[in-house]
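So, here come the structures, one by one.
The same chain A turns up in both complexes below, where it pairs with chain B and then with chain C.
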Partner chain A sequence: MADKELTVSQAFRSVGQPLSQIDSAGKTTGLTQYLQDLSVPGMLHGSIVRSTIPHGLIRKIDTSQAERLPGVRAIITAKDCPGVLFGPQKPEDWEILCQDRVRYIGDEVAAVAATSPEVAKEAAQLVRIEYEELPAVYDPFEAMKPGAAVLWEQHPDNIAYRFFIERGDVDEALAQADHVFEHDFYTGRFYHAPMEPIGCIVQYQADGSYTMWGPTHVPFRSRMTYSKGLGVSMAKIRIIVPPFGGSFGMKYELNVNCIAAVLAKKCGRPLKFFYSREEDISAGHPRMGLHFHFRLGINRDGRFVGKEARVVGTGGARTFWTPPVLSTACYRIDGLYHFQNVRTEGLLVYTNQSPATCFRGFGNAEALTAFETFIDEVGEKIGIDPVQLRRMNSVKSGDLTLHGWNIVSCGYQECLDRAEEVSGFRDRNQPPKVPPRRVVVRGIGLAGGNHISGNRVIIDEFDGSSAQVRVGFDGQVDVIVGDPDIGQGMNTVFAQIAAEVLGLDPTSVRSLPVDTLISPHGIGTLGSRGTTIVGRAVQLAAEDARAKIVTLAAEMLGMEPGRVEFQGGNASVAKDGNRRVSMREIGTEYSTRHGGAYLVGNGDFTPPTEFPDASKYGNLSAAYVFGVHVAEVEVDTETGAVRVVNYWAVHDSGTVINPSTATGQVHGGVAQGISSALTEEVLVKDGLVTNPNFLDYRIPGFQDIPEMHVEFVETQDPYGPFGAKSIGESSLNPAASAVCNAIYNAVGVRVHQTPVTPERLWKLMETARQGEGKK
Partner chain B sequence: MAEPKTTEYVVPQSVGEAVEALSESPKARVIAGGTDLMVGMREGHVHPTRLVDITRIQELIGISTQNGSLRIGAATKIDEILHHPTVRSEYPALVDAGQLLGGWQIQNMATLAGNLCNASPAAEMSGPLLVLDAEVEVMGPSGERRIPLGEFWTGPGKTVLEPAEILTTIVIPGKVSGRLSAYQRVDIRHSVDIALVSSAVGVELSEGKVQLARIALGAVAPTVIRVTEAEAYLQGRTLSEEVLDKVEDLAEAAAVPITDVRASAEYRSAMAGVLARRVLLLAAERG
Partner chain C sequence: MLVQLKVNGRDVAAEITPAMSLASCLRTELGLTGTKLSCEVGECGSCTVLLDGKPVTSCLVPAAQTAGRSVETVEGLASDGSLHPLQEAFIKLNAVQCGFCIPGMIMAAKAALEKNANPTPEEVRFILSGNLCRCTGYQKIVEAVLLAAQEMRDHG
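What follows is the complex of A and B.
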């Protein structure tokens, strides 16, 4: 890929180096042990008995036939589980196994432990369940109507969660505005498609505790959720996070861990669950479908004066991380543009589908897909270049937004300038009035986006992270944090940060895996907080270690601490330059003096964020990031097929600690964004997922992803390590709208729904042509 | 009751042995590349008790010419066909289709015969062979027979093969050499997908006039079909806009597709027309 050479600040030795991920050798040679490679002595295999109907009462469960199958060791139903409702978010509506009612095809009714995965699966199929079917509802608007099937009696309107925010006087602003435009958009149900599906290994110990192995972004929060479900204290749950086989937001808290815990206890043997691809797609937890309705007030000069929005989410039958996703979809965009007056209502609706959860972009990717296509249209309608419209209305460095967010640094303008320049977007053609026939036409589209670097509201108690950097007897430097690397390269970045402070070769520094028994309490790896918040704690821990090393080195060298300087990992004398002690000697000396102890540097970082008040006012994030994408597409005007042929992405992520991993994030984000725009959608018919495989659920392949030109404009931000902000989610956010805008530029029809499959675009083009024919 | 879980695997060295191995066991199945069969077994659609691997039978491997006709052995991989000089120069529709069949890994495993015997209406190679008037040779317990490809399929997943019969050779007759051909499909993903609709065209032109035309459509009926109305209409005509429009209409009318998770019937019908016209032009341009 033709990425621009990044200029590395001369002041840094390790920060700014395009290192490949420190664990890539294992991953590329197959030596890395993922969950599916792990086993525990005596381990059995589990399989979940899932509901085959979308909604109904459980009349009878007959396990007798399954129990007789050779190799079956235990079968559990709700009777074996603590009956409490629990879950990661409010409303708490998880049951370990369904007590008396199923609410989606795939709902968890019973579970089997057996000597092999095959026997477990076969036994699961032999469990007979009698239901009394209830009417079901799938469409969120239908679900909110009086008389619709009700999923949870506590929520007779099927509304699981309502979000509301209002600032200023929107009605007045829209009444006074020169123009008011409206826009509807729907983003479809979208599967994370990690290479590794959901799974876990759980072992029950004699002291009543559980050890759980499995990838999770939030091991400490998971402990909290599972402890309520299982009715044990948090200390009784130990979570060990193996290398991730991908997640993108799917693997937070997962009920299968609790199912496995109950089953492991019952049969007294450790147990593994590992979903099949079909199970992962159809009974797993995709990104929810979101309907957006916007009304935007804008003056002749292009200033936004007010925005009203309604966002409706199809949450599914239970609540995972959809409430904060919905909130984010409702108001994150208010940190990109100054709307002056806003009012947004968000509704999360129960439907008889598998419960959705968060996905990279966390609602903001969807909101941007909806809004950045709208702004393109609005600009055209009032005759102001849409890039100019973005420039005029966007936040700038030093701004305080409507909701109290401190935009300390903002490179959005620079991203817009640079993206326009490198992509040739300025010289684009006008879209055709009517889609032409029998040609392949090109179009180019631009879209912007924003995101956060950590979020105050992830947990109530605090925002921040802590880290340790320690030097052992052998001089080995390790970084210890409580927030797992989810495959994106965070551990490499931490090694670079520590190495920068300690003057070491970053490949010599290790970042240890997360184990809740040992690691500090981490909020987790989400909200694009890893590099910024955890990274800053690592920097501070390394600085603490460095101070201790300097003191010790001065003693060992018999000199003033102020005269000791760091050179290539050696503390050495400033003046005569001959005497030096190595990190190894430091480690040995410290350890020897202290009964084998590590030399430990501690660091903790609490960003200057504020827990929002009742009106949701308060600075959410340590740092805000921005990006602009430009997509060039070819559209077959006869079939509706779209091919993205060129792509530019320019991001403001503050200081780029590792250009290689940061660029990798952009490559992945763009690929995901392109296919969210064009091909990927979990299709559900009467509650049944009809495309639970990679033939009909189409993730992109090489031929679907164009060459990408990735650049960073580096702003200065005070809070992250060395000025670093984030990239994980912002890399995806503008992509789908850039593609949609490019499609418009090519054929002159606006899309209002993603993915834009060939058939959908063909229909839109046919309708446009027929409309023209009638004139 | 649960299906038997053990499957016997036999590797015969000759066609005779293979037929025998198949006759012995009522639920025996031929396995070639296994790229359809293994997926079907995993999904629980088929439960063979014995797999008869035909890929080690030397007489079934490779491509040869005999009296001008091209003979492709049943165990020949798609990749080998793609690289065969005669195929590349004379039968470009097979190359068009073979390149779309799966990805490289699949092309290295999959056989042409497997693609035909699997009898998917969306199968890539069926249309191209149909418009080249191909025939298949079959060997079974009661001897050998030869079947025109147009009579080979009876429905989705169904062929005229009797139990224990093996397709041994695909024959493209010498008389079609010089016929221009092409193939295209409409799909959603550009890297590994299945045809929503496909079309293959074989056409013989003389001074711009159509002497003979064959138009096939895939994924718009229970089997791959020919658009005989369009073929007859084209006879003696030049490929003017008006004629192409008519071919498009006739192809669209010939399609009897279903609506499924991949596409609606309406879209498939429209695309049948679009593709037939496109592929006809593409084939003609190869002249």
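What follows is the complex of A and C.
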């Protein structure tokens, strides 16, 4: 049901062009100012006093020594804070500073303001806290047992959130199925590692308001969350979003903003917090560890007939964005394959670790890692090619899924076809029966994935976006949205969309930074909604501006509006023989006639989504995206070391507005997916993070990531701008499972846990060899 | 204490403490915030500048040791309003996403190309292996360095 009005991408002038990011000149010359580079006159520096024990009651806080340190301006504890429980999700369990109890090593007990970061840090170390230690629990299964340490009395079983979904009759389906297979998988705690750590600047104003500078995907939601914590109205919080130094899901709402607000108010000076790398890794908010258990019913012909799953998340001590991550991990995959009957229970469990949050992929990357390795194994067991198994069971264009999701366009089959073709996956070797010794062997693995383009359930109130396209007095065209560019190049895509509609050179269009004081109320940049949902609003705003320009230009030229044309290239917008008016003339004329007002086009877009009913039925997203990845690995069978040597990624993202930045998204997503599969894991021992630096927590470098081959199969979807769908998260989703499947193909052992470190793989190979020896 | 050094070809003096790193001196004393700090312990390359022409992680170099020496930062690359070929190539090929690693990356690449004007892709990956980027997956950075090398050979 592709929209008839859509034209093919070749006809576009800006859309489909590999434009450079419009703000990259600043980023390459060092002139772009990130939060790290910003300061406000009179600014002090803050440091957080963190708990050194995993669980305990606070008996006494002695700040006297810290207060005497020269340069210290203020110290706050829970006594200085409003003391309500708040947070971005339910259960609301944030405290600005711990009232009477700490729940993880790193929990926030007090904070210091001082004249330099060094003094603040030193003073923080001088704050003495006496605790009465309580038993702690780190494993979610232990935490759910009766008698385990309880983190929050309101949740005596330590279950913070429970998700349940059921459709059809799974018990009957599994009883009738020709085969039932089971599968367990664990995806480890994974750190976002943006090159710029967490930070903020907060200034308290005389009118009782706060101005906050800091990267956040969700400035307007942040305002809601912080306003509850600080006990002020939303209007009293202004958030200005500087350019991001990376985030990948980490920088949403962050309690440090509230700590800074209380401290800034107390000392009457603006204040900056900026985490060290160690603090960012150990007290920050990684992707949670997720345990998956699947039971899959499948018939001899390869049809799935039922799936039962249980997903258990290690949420940490407080609740960030883990509830929707958990639910996504439970059922997003039901929009990739038709399981006919499903039942999934998800449990988010409190443990004495730093609170986890969302990460690019939002639970679906993890679920796909678990399931796409399973499907590979199942296919082999019943003798059906796993690619064929995927083809047979996957959704197709026009399908309505079990949970009511309208798959308007789906290029999954094309992605499978193309990925198989370009990678040579079809001609792969059989895996060895037993891991060979003392050789380096190659293997190739394929995995698929899906994602959304915007998610109805991000906020209760509405789905959608709005934008303005504004022509200034001087003819400058600006795009204004409430959803920040997070470094991925979304502003460039918006410029291209506006330029397309207005026949402009896209490099002349600007997208303004987000400031909650002036930007429209945006849901934020998450759920892969930027290009599709916000971009559509930008398109509509540009069309509205265009209509106003046409009316005015026709008047200025003395011609019928129907004869006004827009010319590409420079600012000439209307012509009739030799008569033309430039965008500059339009802008000046409009402002002159209207007391200086801008010519403003408004656009808002509400996607055809439905808030799920009590059974969680309802179309979640405007558009669904798909992708297939193939990884080729080399495994050293002596050490268990794995290197990815070749990589192919084929995606259906609808119309690709900017093939260069979209390809860049895939490169970056794949790199993160590869290292989530092989190396990266936040290690926690007795509640203490043992690898809080880049030497021990290795993110991939140049030599760890192979050259990647990226392709797009273009489908046509009616809702996004010019048929565009998303890419940000789907780029990462299949990567880890493709690597795991390649490892199997190389050495013949199945992995059930990521990351597949050399030690883990070596053990699996040894076990397989010994098992074979005993036969 | 006062330290005198040359930064981007200009003689400057900065008031420093004995413990201050070159990175902090550049950023806070001299206002050159183009040099980024990401780990502050020499593990990421974000703070790479050239010290007497050689790439160093400026978070590890004591500012006091730079007296009388010459430092080149990302701010010194463009001249007379025209960008360095590396900057041009990074922009052209979208080797930049968030951009936080890019100043260090470009400085490291500049030093590398001075030693080897015609590197292979593998050599680029090897030479830059001390610089981390979380956004790009490195591929476009490799392509940009190769393109810049080509430009510099053709027009240098």
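As a convention for this text, the second predicted complex is superposed on the first by the 759 of 775 C-alpha atoms of A that agree within 3 Å, B and C clash if a C-alpha of one lies under 4 Å from a C-alpha of the other, contacts with A are read in each partner's own complex, and residues count from 1 in each chain.
FYI, a residue touches a chain if its C-beta (ideal position, glycine included) is under 8 Å from a C-beta of that chain, and two chains touch if they have at least 3 such contacts.
If you're wondering where the values come from, they're calculated on a predicted model, not measured in any experiment.
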**Message:** One more residue to check, A:E759. First (chain B), second (chain C), both or neither?
**Reply:** first
**Prompt:** Is A:T225 contacted by the first partner chain B, the second partner chain C, both or neither?
**Reply:** neither
**Request:** Could you say whether A:A641 touches chain B, chain C, both of them, or neither, answering first, second, both or neither?
**Result:** first
**Complete:** Max touched-residue count on chain A (chain B vs chain C) belongs to chain C
**Asked** Does the superposition put A:L695 against chain B (first), chain C (second), both, or neither?
**Response** both
**Request:** For A:S591, select first, second, both or neither according to whether it touches chain B, chain C, the two together, or no partner.
**Result:** neither
**Asked** So, does A:N455 touch the first partner chain B, the second partner chain C, both, or neither?
**Response** neither
**Message:** Under the stated touch criterion, which partner chain does A:Q703 make contact with: chain B (first), chain C (second), both, or neither?
**Reply:** both
**Shared chain A surface residues [contacts with chain B and with chain C]** = 695, 701-703
**chain C contact footprint on chain A (complex, rising order)** = 18, 20-21, 23-34, 36-37, 192-197, 243-246, 248, 276-277, 486-489, 660-661, 663-664, 666-672, 693-695, 699, 701-703, 705, 707-708
**Asked** So in the complex, which bits of chain B are touching chain A?
**Response** 2, 5, 103, 186-194, 196, 261-264, 267, 270-271, 274, 278
**Prompt:** What does chain C use to touch chain A in their complex?
**Reply:** 27, 32-41, 43-44, 46, 73-75, 77-78, 83, 86-87, 90-94, 96-103, 106, 121, 124-126, 128-142
**Item:** Parts of chain A lying in touch with chain B, wherever the complex brings them together
**Value:** 69, 118, 122, 638-639, 641, 643, 678-679, 683, 690-691, 695-696, 698, 700-704, 757-759, 762-763
